[in-house]
Amino acid sequence: MRLYRSLPAALAIALLSGSFVAPPARAADSGPVKIAVITDMSGVYASLAGAGAVEATKMAVEDFGGKVLGRPIEVETIDHRNNGPDAAIKAREAFDGGADLALDMTNSAVALAVAAVAKEKHKIAIVTGGASSALTGANCNRYTYHYAYDTYALAHSTGSNIASASNGKTWYALVANYAFGQQMLSDFTAAIEDKGGKVQKADLYPFGPTTDFSSYLLAAKNSGAQVLGLFNAGADTVNAMKQAKQFGVDKTMKIAVGLLFLSDVDALPDVFAGSRITTSWYWNYDKQARAWADKYAKRMNGLRPTDIQASDYSAAWQWLSAVKAVGSTDADKIQQYLDGRQFNDFYARGGEWRARDHRVLHEMYVVDVLPKEQVKEPHAWFKVVQVIPPGRAFRPESQSVCKKDW
Amino acid sequence: MTLALLGSRRGMTVAIVLAIVGALLPWFVYPVLAIDIVAYALFAVAFDLLLGFTGLLSFGHAMFWGGAGYVATILIAKAGAPFPVAVAAALVYAALSAVVVGVIAIRRQGIYFAMITLALAQLQYFVAFQLGDWTGGENGVQVSSRGTLFGIRLDDDKVFYYAVLVVAALGVWFVVRVVRSPFGSVLGAMRENEQRAIALGFRVDRYKLVAFVLSGTLAGLAGVLFAVGNRLSGLDGVDWHTSGKVVIMTILGGIGTVFGPLVGAGVYESLDYFVSKTPIGDKTNIVMGTIFALCVLLFRRGIVGELLALRTKRAKD
Amino acid sequence: MALGLSVIFGMLRIVNFAHGAMFMLGAFVAYYGAQLFHLPFYAALVFAPVVVGVFGLLVEVAFLRRLYGLDPLYGLLFTFALVLIIEDAMRLAAGALGSPYSAPPSLAGVTNLGFTVFPTYRLFVIGAAIAVCAVVWFVLERTPVGARIRAATEAPTLVRALGIDTQRLVSITFAVGVALAALAGVLAAPNQNVEPTMGDKIIINTFAIVVIGGLGSIGGSVITGFAIGLLQTLGAVIFPAFNDTLIFLVMIVVLLIRPSGLFGSPASAK
C-alpha cells in the first residue's frame, strides 16, 4: 500500500528534479543596472569572445566608475552554447530578471534569436561577434545594433584592397555553400568587380565540415588566377589553408581569407601565415589601441584582446554613457539618443550609430598575417596594410534593405 | 507490468500526479523552458512507441521533430498561416515523410534499420541546409507571433504552455490507447518473437510501418510545439545529435513504460539547462554523457523502469 | 577506419559509435606527443595507436564486457555516451579551436606525378593505408591468430567449446580495431584541423561505408572504403552540390538491392 503511493510521488519528484527555481522577481527601476554578456564560453568562439569578452565588459564597468545614475552596474555572464533556442530562453530570463542590455552574441544564429527577444522585450541588444548582415538588413529592429563587423565590410575591405593591385585582379573563390559563404561570395564579387577585377571561377562546395579540398585546390592552381579567396569559416578555413600549403598554392597565389580573428592565428599560426584578412581592430595598431590592450593583458595573463573583445568594452562604455546622458535605462530613450550619434574611442575610430539601419560605422583594417619569424612580440601577428574609412567600409545607406519601423 | 499499471487505479493516480505537475510547472520554471520539457516529453513518448513497444531503434527521429518544426515555422513566418493550419501541414509532412522512410527502412532490422534512419535523417539535414532561402540555413527561421487558436492569442508564454500541455497530454493518451489496443498487443508479440508472429499470420511489416508512421507523426507534433514555442526552428532540430538526445531521454526514463520517457525528458532537459548555468556549466556534456553511460551500464530499466521493478519485487515479498 | 569498425563489429557485435572519437584521440596523442616530448611523426604513427589501443582495452574490460549478452542496442548507446564524454573532455583539455600539427619535413612539398603535382604527404597516406590494410588482411587470413579471430566471429560458442579463450581474443580485437582508428587519426592530423569534434563527420561516413560493404565483411569494408573515397573525390568535381549526400544515397540504394551490403552475408544481417 505504501508503495503505490510512493511511486507517483517518486515520479513527481523525478520530473521536478532540478526544476525547482522560483522565477526571479522583476527588478525595479532602482535596482542595479545589468548588462548580460551572452557569449560562447566553451565552444568554438570561446577564445574569440568568451571569458575575454566578459572581462572586457567588466573593465568597462569599472572604468566607468561601477555606477551609473546612482545605481550599481552588474555584469551577468550567459553561455549561449551556440544554441539559438537555448540562448533565446536565457535572454528572456535575463531581461525579465532586470537585464537592461544584451551584449556580444558571438554566433549569427544566436544574434538573430536574441535580437528578436530584445525587440519583444523592448531592451537594447548590441551584437558584436555575430557576422550576419541580416541584422541590419532583413532582420533589423528598433532595439538591436550591429557593432563590430559584418560580411559586407569584410568583403569590401579585403576584396577592394587586393583587387586594387595589379596582381590581385583575377580570383578563384572557394565558397562554402550556405548563407554565410554565399553572402561572402556576392559581397566579394561586387567589391572585386568594382576595382576592375574578376572572379574567374567560384566553386561552391557543400557545407558540413569538409575535410578534403584537394580537387578544389588543384582547380585553383590550374585556373591561373592570381588570388585564392576562402569564403568559409571555422574548421573549413583551417583545413583549406592547411591543404593549400600542402599543394603549394600559397607559393603562386595570394590567399585572402574571408573571416579570421587574432585568436585563430594564436591557435594555428603556421596555418594562416601569409594570408590577408580584414579585422575591425588590431591591438598593436597604434598607441591608443595598445594602451588599452596593455590593461587587458594585465588582467588576462598576457593574452592580447581580439577585436570582438575590444568591441565589447567599447559598446558597453558607449551604452553606459548613453544611459547617463539620457538619465534612464529606458530602451526607447536610449535608441533615440544613439541614432545618428557620432563618437570616437580606442576601438571605434570615426564611429557612428547609423540611424538608417543600426549599423555602427567605424574604421576597418586590412592586415596581413605575419609568419612567425617576423613577429616581434607574442600575439603581434598582424601588419596593417590599409585603413578603410567608415564611410567606405560598410554597406551604403542607399543599399540597405532594412525595413525601418521606428 | 506496465500495461497493468496503465489500466489500474494506480495508473490513474500517476496520470493525475503528472497532470498536476504539468499544470504547475510554468510557475516553477521559466515558461518557455517548461514548453521545451513538455515538447520533449511528447517526443520521447512517441519515440518509445517505436523503441519500447515495437522494438525498432530509429536514429533519425529528429527528421520528424525538426522537419515538422520547419514546416510550421516557415508557414507562419513566411506565409502568415494561422496556427492550426501550420500545425496540420506540419503533421501531414511528418506523416508522409514517416511513410517514405518507413517503407525504405523497415525491410531491414536492428542496426541496419537504425543506419538507414540515420542516413535519411542526414539527407534531410543537408536538404534543409541547402534550401537556405526557406530554412534560413544556419540562422534558422524566426517567428514573431504565434498567432491564435480558437480566438485565444498564443503569444503569452504561459498561455501557449497550457495549449502545449493539453496537446501533449492528448498525444500521450493516444499512445496509451494504441499500446493497450489489439494493435498494441500484436506489436508486443512481434517484439517478443517475430517469427512466431509471422507464423501466426500477421503482416509484420505492415504493423511496423503503422507504428513507425504513428511514432513519426507524433514526434512531428512535438517538434511543432517546440519550434513554435521557441519561435525559432533551426538546424539543431534535424541534427543527429537531437536524434541521439531523444534516445537518451527514453532510456533514462525507461523503455517500454509509457511514463518513463516523460520523466526521462523532464529530468534530462532540466538537468541540461540548470547544469549549464552552474559554474561547471562548460562541462555539461560530460555530465550528461556520464549519466547516460551509467544508465546504460547499470540502470537499464531507466528511472521509471527501476521504480516499477522495485515495486513488483516488494509486492512479491 | 572502416577496417577497424568492421573488425570490432564482426567480433563483438557492437557498433562502436566511439570510433570517430578514437580517431580524434589518435590525432591528439600525436599532437601532445609532439608538444611534450618532441615526438616525431613516424614515431607517433606507432605510439598513438598503442596508447589509444590500451585505452580501448581498458574500456572493453571495464565496461563493454558487461553489455555483451544484451541487445546490441546497449553497446551502441554506451559507445555513444562515450563519444559525448571523450569529446567534451578533449574540448576542456585542448580548447575547441584546433591544435597545430604538420607533416614531417621529409614528406612536405609536392611530387611530380607527370600528369599532376600531388602533395607528397598524401601519397604517403595512400601508401600507408594500403599497407596497413594489407597487413591486417594477411594477419586475419593467413595466420593462426587470425583464424581464431575469424572463427570466434563466425561461431563463438563453438570456439569456446574448443577451449580457446574468446574473451582475450575479444579484448585484443577491440583494442586493435580502436588502434586502427587512432592510426587513421594520426595520418589525418597534418591534413586537417586537429580539434575535438573532428571525429564527428568521419564516423557517420564510416558507418555508411561499413554498412554498404556489409557489416562483418572485413574485405568488403576496405574495398568499399576506397571505392567511396574515390567516388566522393570524383563527385566533388562532377556534382559538388550533392557530394555529402552521395554516400547516403549510395547506402540506401545498396541496402534496397542487397540487404546485407555488397559483400556481407545474410547471417550478419541482424
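Note that the chains take the letters A, B and C in the order they are written out, and that residue 1 is the start of every chain.
One rule holds in what follows: contacts are C-beta pairs under 8 Å (C-beta built on N, C-alpha and C of every residue); 3 or more make two chains touch, one makes a residue touch a chain.
Note that the structure is predicted; figures quoted are calculated from it, not measured.
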item: Graph class of chain-chain contacts, one of line, ring, star, complete, other; value: complete
item: Which of A-C and A-B has more C-beta contact pairs; value: A-B
item: Computed distance of Cα centres, chain C from chain B, in Å; value: 32
item: Whole-Å gap between the CA centroids of chain A and chain C; value: 37
item: For chain B, residues that touch 2 or more chains besides their own; value: 126, 130, 282, 284
item: In chain C, residues with contacts to at least two other chains; value: 92, 241, 244-245
item: Residues of chain A engaged with two or more neighbouring chains; value: 42, 177, 206, 208
item: In the complex, chain A residues that touch chain B; value: 3-4, 7-12, 14-23, 41-42, 79, 81, 83-86, 88-90, 92-93, 108-109, 112-113, 116, 120, 132, 134, 139, 177-180, 182, 206-208
item: Residue ranges of chain C touching chain B (in the complex, touch as defined); value: 15, 63, 66-67, 70, 72-74, 76-78, 80-85, 87-89, 92, 204, 207-208, 211, 215, 241, 244-245, 248-249, 251-252, 255-256, 259, 269-270
item: Complex contact set, residues of chain B against chain C; value: 57, 104, 107-112, 114-116, 118-120, 122-123, 126-127, 130, 240, 244, 247-248, 251, 282-286, 288-290, 292-293, 296-297, 300
item: Residues on chain B engaged by chain A in the complex (per definition of touch); value: 10, 13-14, 16-18, 20-21, 25, 27-30, 32-33, 36-37, 125-126, 129-130, 132, 136-140, 142, 144, 226, 230-232, 234, 236, 259, 262-263, 266-267, 270-271, 273-274, 276-277, 281-282, 284, 303-304, 307-308, 311, 314-315
item: Chain C to chain A touching residues, read off their complex; value: 91-92, 95-100, 102-103, 108-110, 116-117, 119, 121-122, 188, 190-193, 195, 197-198, 200-202, 232-233, 236-237, 240-245
